[in-house]
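The following pair of complexes shares a single chain, chain A, combined with chain B in the former and chain C in the latter.
What follows is the complex of A and B.
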């Protein structure tokens, strides 16, 4: 009788060991799956974030090129793809003083906006319109927008590029 | 076959099926076409904006705008751009455009093809990006200028 009990116990132990081993394998596979899925999710989130930053940058480029503060206008009629140089110069000064400073920060956020004007063969002049960066660890998405730069004093257009650089914390 | 072995085999098969399913899902996520918003916007808008801005800009030849200079180049080439009267409107356009494209499109890593032509004829001016390669998807920005000899096409194609 005692022999039978021992035999049953041994058989039960084997079954229990089998179950534990299976559970271990199962949890191991679950853990690997979760890790794998987590990595994919992280990559996907990174891509989505990048896409949103890009869209922000594009949105800002369109917004800026249509701002009446800088856009060319002749007798109150606005011209497409044209930036008034004297309005930009005025912007450079005014946007540094409150309440315009806060207003433009709310509008343009953390970004750098530079207008580069071609003043001759291989000669370019830069105008810094807005510059607000993070202190450290940030990435930037740049959208260049070609524009005509109108100089009302000389009454002529020069070719120019509006660089919109949107910053985001990493 | 023992009962335990059958169970393990069943479990292995379930796992195999789950793994294959997950591989399909993962493959679908990874191989999905990446978002193209920026390329479509930058290339298409860039081509149109660039051409538009260029046409209204001063060319550096006697204060004349590119638009007028292109019309002259397409018509009689009467405008000469230097004091010794040797540089024609066409060659000035070519030099100035190359300088602009080198400092913009090439700097931004964009390929381009710039052509000024009458429909059905060889281009009067034809500029390509540095390596000359501009295959794949082209985003054109086309402007039409009226001349006495017909409509001249000013076309800028931008590619990755």
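What follows is the complex of A and C.
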């Protein structure tokens, strides 16, 4: 009789261990699956983030080159792909003080905007229009935009490149 | 007997265990699916919001553009601009997607639920270009222009300002108002809003009443709304001012007076920044040119631009009902003076002020 009790008890325990082992294997497989799926999602999110930063950078370059504050104009008629040098020089000074400082931070956020003007063979002059970076750990997407730089005093166009660098925390 | 009892007990425990484990697994998958659904919805709404942002940014790049944008079905786009705290937001209702831009100059009705909407731009000049104002209108809204025989030129000018895609009709009498299946109608009157209107039971009705002043391009606007089925408008929310065609159009396409004044406040904010920039540019040009006449013109322009900035800054106390009439007149005078100075420097072949 005591042998029978022992046998039944052992049989029940084996079945229980079997079920637990099955569940463990099942959860283990699910965990591997989730980890795999999670990695794919993280990669996809990083790609989307990069795409958005690039899009932001292009959007900002278009926005900036069309701002009436920098665009060339004659009697209020705006000229395409042309930057007024005196407007940029005025911007450099004005954007350091309020209310322009906070206005342009809202508009351009964490980015660096540089206008490079070609003033001679292999000679370039830089104008830093906006510079706001993160303290550490950030990536940058750069969009160069070729523009004509108009000097209204000398009545001369020079070639220039507007660099829009959008920063994002990593 | 004892064996049998132990056997049943183990089997029961086994089934209970299977049941609990099954329920946990089921709950886990329900959770995963639900999280996946929420994530997909969020992803879709954020991507939609990004598209809207790109559309608005693209439209803003140039003036006098008109774009017809198809709206996704069962989607309502909400536009908020609070004159008190300056908070502005575009959101897709019922989702987490929203876009905030404290610099955006956009006139819009509170929400757009139609199948299509129109986005158009107009330049804001004071007299130099400050920015392009964006206008967003639902194509399921009809604009009735209630003609006033004594102000026909203004109503004709307003009709010309409206983009052709917007449904508008000039009427001589309020009895001509019809529902015609639109979601909303806006009655633009010129001091001739009748006391009583057709009930129009199924539709929201708004009124913008324009009273031009004796000075060209300047006037007063009043905003009213009416409950569906009512034959009278509620009393006006108050009166505000407009200067120029862009502000006038802004009043027509604003949700209410609060929204209108909030956007006007942004125009003043931008005016402050741009006039500061043109002041500095004139200082640089004054130092660079040789002509004495031009130096004097730049000097005068600096004075006018500084005054322009002061007028725009004086608007800091702007609250609803507070767009000051004197400030609007001052803006007009400065604009005329700057136009004259610009012509003066052009005559002497000097770089233009703007």
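Note that in this section the second predicted complex is superposed on the first by the 159 of 170 C-alpha atoms of A that agree within 3 Å, B and C clash if a C-alpha of one lies under 4 Å from a C-alpha of the other, contacts with A are read in each partner's own complex, and residues count from 1 in each chain.
The rule is simple: a contact is a pair of C-beta atoms (placed from the backbone, for glycine too) under 8 Å apart; a residue touches a chain by one contact, two chains touch by 3 or more.
Treat the numbers as computed from the prediction; the structure is a model and nothing was measured.
Contacts of A:55 after superposition: both chain B and chain C are touched.
Of the two partner chains placed by the overlay, only chain B lies in contact with A:82; chain C stays clear of it.
Within the superposed three-chain model, A:90 lies in touch with chain C and out of touch with chain B [touch as defined at top]. Look at A:156: by the touch rule set out above, it reaches chain B but stays clear of chain C.
Of the two partner chains placed by the overlay, only chain B lies in contact with A:145; chain C stays clear of it. Contacts of A:127 after superposition: neither chain B nor chain C is touched. Looking at the shared chain after the overlay, A:100 reaches chain C, while chain B stays out of its contact range. Taken together, the two structures place residues 15, 26, 55 of chain A in contact with chain B in one case and with chain C in the other.
Considering their complex, residues 4, 7-8, 11, 15, 22, 26, 29-30, 34-35, 37-38, 41-42, 45-46, 49-50, 52-54, 56-58, 60, 63, 65, 95-96, 99-100, 103-104, 108 of chain B touch chain A.
Residues 2-3, 6-7, 10, 13-14, 17-18, 21, 25, 28, 50, 54, 57-58, 60-62, 101-103, 125, 127-131, 269-270, 272-274, 276-278, 280-281, 283-285, 288-289, 342, 346, 351-352, 354 of chain C touch chain A in their complex.
Every residue of chain A that touches chain C in the complex is listed here, in rising order: 4-5, 8-9, 12, 15-16, 19, 23, 26, 30, 52, 55, 59, 62-63, 66, 68-69, 73-76, 78, 86-87, 89-91, 93-94, 99-100, 103-104, 106-107, 152-153.
Touching chain B in their complex are the following residues of chain A: 15, 18, 22, 26, 29, 33, 36, 40, 44, 47, 51, 54-55, 58, 80-82, 118, 120-122, 124, 143-149, 156-161.
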